[in-house]
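My questions all concern the structure below.
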Amino acid sequence: MGKVYNELAGQNRDRLAALSDGIFAVAMTLLVLDLHIPVSDRIRTEHDLWAALLPLSGTFLAYCMSFLTLGIFWLAQQAQLNFLARSDRNLTWIHIVFLLFVALMPGSTALLAAFIGFRIALIGYWLNILVLGALMFAGWEYAKRARLLKGDLPTGVDAAFRRRIFTAQALYAFGAALCVFNTYWSITFIVLVQLNYVIAPRVRWLRQL
Amino acid sequence: MGKVYNELAGQNRDRLAALSDGIFAVAMTLLVLDLHIPVSDRIRTEHDLWAALLPLSGTFLAYCMSFLTLGIFWLAQQAQLNFLARSDRNLTWIHIVFLLFVALMPGSTALLAAFIGFRIALIGYWLNILVLGALMFAGWEYAKRARLLKGDLPTGVDAAFRRRIFTAQALYAFGAALCVFNTYWSITFIVLVQLNYVIAPRVRWLRQL
Amino acid sequence: MGKVYNELAGQNRDRLAALSDGIFAVAMTLLVLDLHIPVSDRIRTEHDLWAALLPLSGTFLAYCMSFLTLGIFWLAQQAQLNFLARSDRNLTWIHIVFLLFVALMPGSTALLAAFIGFRIALIGYWLNILVLGALMFAGWEYAKRARLLKGDLPTGVDAAFRRRIFTAQALYAFGAALCVFNTYWSITFIVLVQLNYVIAPRVRWLRQL
Amino acid sequence: MGKVYNELAGQNRDRLAALSDGIFAVAMTLLVLDLHIPVSDRIRTEHDLWAALLPLSGTFLAYCMSFLTLGIFWLAQQAQLNFLARSDRNLTWIHIVFLLFVALMPGSTALLAAFIGFRIALIGYWLNILVLGALMFAGWEYAKRARLLKGDLPTGVDAAFRRRIFTAQALYAFGAALCVFNTYWSITFIVLVQLNYVIAPRVRWLRQL
């Protein structure tokens, strides 16, 4: 009985990393295309130009936030792939579906930026983050079960990964639930959670979230 | 007599892999640009926004399907390159032409999504998949003949690759032929074949297709 | 006296290759964006769709030609970088300027496709190819002078690289000069030269061009 | 006490390099999309086409300048990463924010090209360069303090990096300050500084800037 194709495919961890870096890079750079320079003949003074640029500040903030969110998930995936000895076909597919939702992130953010007071836009944004977290979790659990991890995994790594995903997703879900009162509360809370993960302050209990 | 340029070019398997990862990453991310966020002043309530987002669900499904199709062929090419000891100029050109049709895939899918009831759109989509499969087959056969494969190829690998390409292409061709009756039957059949390759269910006879 | 920054920068051959693969991949995939799917409510029959798709065949040919031209230069740069032991700051800048003209290639082709009977468009396209060839030559000559090549360079490699660049550029220049009579003669000749480099036929005197 | 996630993330220097190469490649290639080919039925003679292409020369110069500016910072980051033994989470975030401003560079250049006589556009362009320099400096200083550099750092490397960043930023700031008189003086001065870094002339005092 010959080999089955599915046992041969998707074993190359480094090409999965390369495809991921490419998709993250394109998604992060395409975000900037939403910042349209206001070219117009009606702009004649420094004051006109300033007035034309000011409305872009909201889009600029959304751009920064999307970029940082994609950075958070890029770091999460990088950390996970670093502990793999190899990949297999199923794990590769989990990551390809993860990348599908990575490429959706700019769209979710643009929807939220355009309809910042609407619950549907906020729920859509949160669902995107939730699916990304769920796929990271699924990838880690599958890698453990299929014995794809490196042999010399330091103690505590597994617990740290699980704790990080669950804490983060609990905080995001709490933030999304705040939209019962007001979507601005939701957004402020989610942004603070994300900034906490970027800056990783020295306050001990914040670092351990 | 000096060396001929053609013997010097295209020997680097890893740069071919890097170019491929780049083209797949850009093609997979550009798909998302077709999902236009409906920005309009006429959207004033949650209900308006929901009504504006609903028509996007068809484009979203086409986006997912394109992404998974490109994932299937990315895995196929990765598996093939993994068994190469090195590349040469001719094999590199086979893969560059393969990448040309990879970059066309989003266009074929957009055509099918826009004209879902038209046979020409379906035949175009199928021809794209057919050419991709034919080039994968040509690349594998050439690599064998030109002795580019690694020396320690496990038995059964060659048969597994060939069986996979022929079974898949036979199924796609059968699906395309169903358009004699109805293009929706064709699409449903092709989508089921693709999902089978993504999910790889535990049913033995399905896994071995 | 401390080190000068210029001696520290640009030594990494592999990152130069990675940047090049990225720029080639984006340029080759962006070409496809010029193939606009004709979405219109006026297309109601298979015949309408066929009539709407037919005018795209010219753009499709230009897309294929651009893709193959970029493939030719990607192979040329790959072959050159393969013989480098390391890079330095000056060589890296030669390649960055090379990449600038790589990214221009889709624009030159689009200009030629839109104004196929105009000498200016043809001269612009030829100038782009000429600059790419000149920079490949400059990079190779500089690498030899700055002793950046690997020590074990097989005999004949240098002659093969130089012969290839000069023969190709002489043929392109002859093709461009044909526009004195007619731009279509020029294009046909240049396309045949490019196809010869892609296919590399078994006829001995064609292979050695 | 288990490991904390933040100690596990962002250690892979090579994936940071790969993400950076991807973002630089996309940003450098997207610049070219601003060069719109003038497709029009009113262009009927060679003279018409020449007249339509001539206004593109300004955009073409801005494209070249952006490309070279991104090349300068790509080289700077490459040189820095080359001296790292490994990365950590904080350094990775410094570089992700650096990449955020890399992706903004095309926008800043487009703003300057569209409003070349306006001080706000010039200050915006300069701020972008300033932030990029500040983040390169922050990354280097952090890498030293966190002991991420390779052990065998040649003497003078640290001084060379610091001198380069400070000299360059002082020259850019002086150029930006010239806009008190005239923005064209500013632009000319900044362009000359950038060309000096690209060409690195043999005049000793210019090389050592």
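We call the chains A, B, C and D, going by the order they appear; numbering starts again at 1 in every chain.
Keep in mind that, in the parts below, a residue touches a chain if its C-beta (ideal position, glycine included) is under 8 Å from a C-beta of that chain, and two chains touch if they have at least 3 such contacts.
Since the model is a prediction, treat every value here as computed from it, not as a measurement.
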Fill in: Most remote chain, CA-based centroid, reference being chain B
D
Discussion item. Are the interface residues of chain A and chain D largely the same numbers on each copy, more than half shared, or largely different?
Written reply: different
Worksheet item: Centre to centre, by mean C-alpha position, how many angstrom separate chain B and chain C?
Response: 25
Discussion item. Nearest whole angstrom, what separates the Cα centre of chain B from the Cα centre of chain D?
Written reply: 36
Worksheet item: Which chain D residues reach two or more other chains?
Response: 18, 21-22, 25-26, 30
Practice prompt. Going by the contact rule at the top, pick out the chain D residues touching chain A in the complex.
Written response: 1-6, 8-12, 15, 18-19, 21-23, 25-27, 30, 89-90, 92-93, 96, 99-100, 103-104, 106-107, 110-111, 114-115, 118-121
Worksheet entry | Interfacial residue positions of chain A with respect to chain D in the complex | 17-18, 21-22, 24-26, 28-33, 35, 37, 39, 43, 46, 49-50, 53, 64, 67-68, 71, 74-76, 78-79, 82, 154-157, 159-161, 163-164, 198-200, 207-208
